[in-house]
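See the structures that follow.
Both complexes below contain subunit A, partnered by subunit B and then by subunit C.
Moving on to the complex of A and B:
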């Protein structure tokens, strides 16, 4: 639209980026945190802190499933759905669950779950009511306080704009290379630009991958048209075609005794001798139409749909299964999805994912701070409403989200376990803390306010391990002694962030001082402001 | 007294002219975003719907392939809408090609 392609792309990069940077920051932040979804679930649930990892996890699975079916046939006799969820590396406990009858207005029936320690097969102390890592996971793709579908559309379009910002950013980077040799007086903005470029370029393949695949995870909402035009009965027909289902006995009438689960497991282990079973689900137990679905861990394969075998519960006949070999299109689609969720990631790769996510947060934060700095320098003291709005949103979002996250975890420890609606109150704490950051940003948005927020954040991050030590039996030292690495790293990360925010507070103090003296060096602020 | 007055009227005149340009500039930007977002969406929808109908592979594979590349198509159209200088060209090319795709699809599917 401008005279040259470069200028058009620069314009597009600036405006597309600015329009969506705060919502994208929330998405990136929550998404990065979500890579530790299971670890957060563990931390939020003190009942499972002391469950040891099993020595031979896979070998114990058959016994656990058989015991589970025993348990469920006693307790869940009238239920229409059973579930045995086996322990995994990151979720070290066993769950037996059966569905309660659906209440009117409910889309899915609720499950009555019993959690067990897999080493002793004893019931674990009752779980506290918490959303845990699932809160961040949902926040990541459908936001909060919004209708789920509206939230997803917003996330989709914000992500698409992010993708455009990345593409246009790559295009204009050539120009930035040229500009590197030209003299610039404004070292302040210049350093922000360097930080922006560094965080973008270092993790560029990650940013491109995660943004593209992120939209793909919601693609059937965004573009249902191929499925709608190809299948006569639309999306339902398509999904029926892709998902293995019991079309053999699912219409059978009347009740029928369940076959012993061992006969079904025999078939599973004949097909996959080293199967690492994730869960066994039964629909319509004790009916002729009953289906037993055995889900197996895909290991490191790039597969989104968990490999599964479907049996008739009454006859033990194998009725359907997921494809052993994926077709090219399916492999493409499934690998795009599984690359985004990273469920296959080993600890090292998981940390790389997190580092990529942090680089993304830095890229977005430096981008919107840079915009505000540039405009402020140009406007020479007179700040327009738009500039003030941008500065306010910058402060409230960039510094507010860490504070809100701390509040969420502190609330998890301080709220009484018996409180009704406890999980929602944790979320309320999250948004209240964010609101506080918003109010601070509303008052003023200068360096002093950034310093205040940095100091508050340092204190909040420090409080998380401290409150944990005061309210539970463990603390960061005991975690280290007992090699409870997940809990130790969780607490240690908050200490690390506390120190980083402290460094930022200190940097901002010297920066505000330097501003008063005539020979000001604004570049000081560049590193400190992003922790 | 004379000089400031003169300057004031001069600024006023400039401001009016500027406002006129700005409003039309804003309109142009809006039109470009509109064709990029809505037109790009329509173009992508139509093209992948048509592609999934004509690809000579299994139905579910065609659908999965088409949705996997949909965002790539959308992004290219969006960039195209901002890269081409003439707004008229952008509007006409996107509308025509979208219409063409929908037309072919309608013939193929016997919608008419």
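Moving on to the complex of A and C:
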């Protein structure tokens, strides 16, 4: 009974893992990169490279908001929506934006944004069109080119499979604590198994948390029935109920002058004297029905929805606000959501999230490589179509994604700033590079192809800081000299990965050489004879 | 500095867990540990890891448990590297770990208001 239980769990772990490992790898990879979404946005916009973080950021917020309202009342007079987005630690610039009238067929209004340096209050050079870190974020949870709902369903299924694979993996790993710190080098498949176990165990709490909370982020798509049965207008009614901004029932007609924003800010600071305001949004400005929403930073609280206060723009009356004390169910949902995104995490915690993400990528990659190696050993040279497919997908995914990522960043620097649809072309560069990796994997999938891909990746990773240095005013040395740590670490990471890929190229070269050398084949033969 | 202390305690705990294992102890000290030594290592490791958890949750509130999970991952990674690839440096590393705990603890104690 016990034996058959372990055998069935092993079967479950193998097949559940193998069926979705490549899609899970993409989700993990993009998710890990997304932890640096704001930092990628910063690197992708050379216009803000020299903007220094404000030292008295919170103290300057009132003045920035008041100036923003002056600006918007002049420039966005006819608009139905205004936004003042204040600088933060990771996004050090100030944005004043107003919505353009919607064009036919458009779901959401486009914003005309003016970015300013908060230290000088001078307008920054025009921003280039780029998806930045948001591309990886979208790739992570809806697989980018797919229809949003289809993509999310696929991600949900893959996450379920991942959760099953993790739990069954814990069950079948009998020596989980005995082998906790063990890694046996140069032992063939045994080493791959050790690497798989180690990368799984070292971040096991993270893997479980991130997979489970990942499913929770999409829970209302997976399980909408309670909301559908409780609210007359289904999910919309539910979301209106839990989001203060949607509760506004101010149907006042006609125009009315906006109350000075200082009156509203006085109320905000009375309620929260140390408020760190993130943004101020106005809907229907200069109308009797106008609403001013003030969003503040939740600090260290595990909350996904930013705390907010809603005021009538015409009278200054407090219309609605987010609850100070969340209900148990909402607190649970919000904390699980914010655990997944790590949105308000400190830089240290963010790096630890990335470590967990990298461990996840290694766990998935070693798992699928190990399966292919085992089957190849058993098949004694005769590779079935299934094995060839797995080996091809392994090569294309594991080595293709880093190449595609480099292509995305190189395209960001090489595409002309005035090119129309520039942001989409960056994404095209990403998928074209991935396609190239796929074509290489289609031709052959042995050690030579892995070596070629490792060499290409080393070159591509090296190209990112080099191209950056050639196309912008800064480079890795100047970033270090001027203490521009985000930009410095960004370039340094690519150099580090370039070195790692070079080491991989060299390792694969010596491994191939050892396999082909007559002395090694002689020793293999003698070992075989002894056996 | 409090994060450094939490992390050093977590690292120290996993160092203790590793030394409580026969094979790792033998790799470092070239002899088998006695049953008493094993129990002492385990006791110290558990106390240390619980202290680390308490410090993380106390100082970081909501994100403390996550920070602790991250510290555990990083600690296991470092311990694995030392016990498999740099076995000869484990003693030096352990001493440094203790010094780190002492220095960060002392710094916090002196600056405590």
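Methods note: the second predicted complex is superposed on the first by the 495 of 531 C-alpha atoms of A that agree within 3 Å, B and C clash if a C-alpha of one lies under 4 Å from a C-alpha of the other, contacts with A are read in each partner's own complex, and residues count from 1 in each chain.
In the analysis below, a contact is a pair of C-beta atoms (placed from the backbone, for glycine too) under 8 Å apart; a residue touches a chain by one contact, two chains touch by 3 or more.
Because the structure is a prediction, the values reported are computed rather than measured.
Colleague: Could you tell me if A:219 is touching subunit B, subunit C, both of them or neither one (first, second, both, neither)?
Modeller: A:219: touches subunit B, not subunit C.
Colleague: Given the touch rule stated above, what does A:352 touch, subunit B (first), subunit C (second), both, or neither?
Modeller: A:352: touches subunit C, not subunit B.
Colleague: Does the superposition put A:421 against subunit B (first), subunit C (second), both, or neither?
Modeller: Neither partner.
Colleague: Applying the touch criterion given at the start, work out whether A:254 contacts subunit B, subunit C, both or neither, answering first, second, both or neither.
Modeller: It touches nothing on subunit B or subunit C.
Colleague: Looking at A:273, would you say it contacts subunit B, subunit C, both, or neither? Reply first, second, both or neither.
Modeller: In the superposition, A:273 touches no partner, neither subunit B nor subunit C.
Colleague: For the complex, which residues does subunit B have touching subunit A?
Modeller: It is residues 28-29, 32, 44-46, 48-49, 51-53, 57-68, 70-72, 74-75, 78-79, 82-85, 87, 105, 109 of subunit B that touch subunit A.
Colleague: Under the stated contact criterion, what part of subunit A meets subunit B in this complex?
Modeller: Within the complex, subunit A contacts subunit B at residues 1-3, 5, 8-9, 11-12, 160, 163-164, 167-168, 212, 215-216, 219-220, 222-223, 225-231, 238, 241-242, 327-330, 332-333, 336.
Colleague: Any idea which subunit C residues touch subunit A in the complex?
Modeller: It comes out as residues 3, 14, 17-18, 21, 23-24, 60-63, 66-67, 69-74, 76-77, 79-80, 83-85.
Colleague: Can you name the residues of subunit A that touch subunit C in the complex?
Modeller: 178, 180-183, 185, 198, 201-203, 205-206, 209, 300-302, 335, 338-339, 342, 344-346, 348-349, 351-353, 355-356, 359
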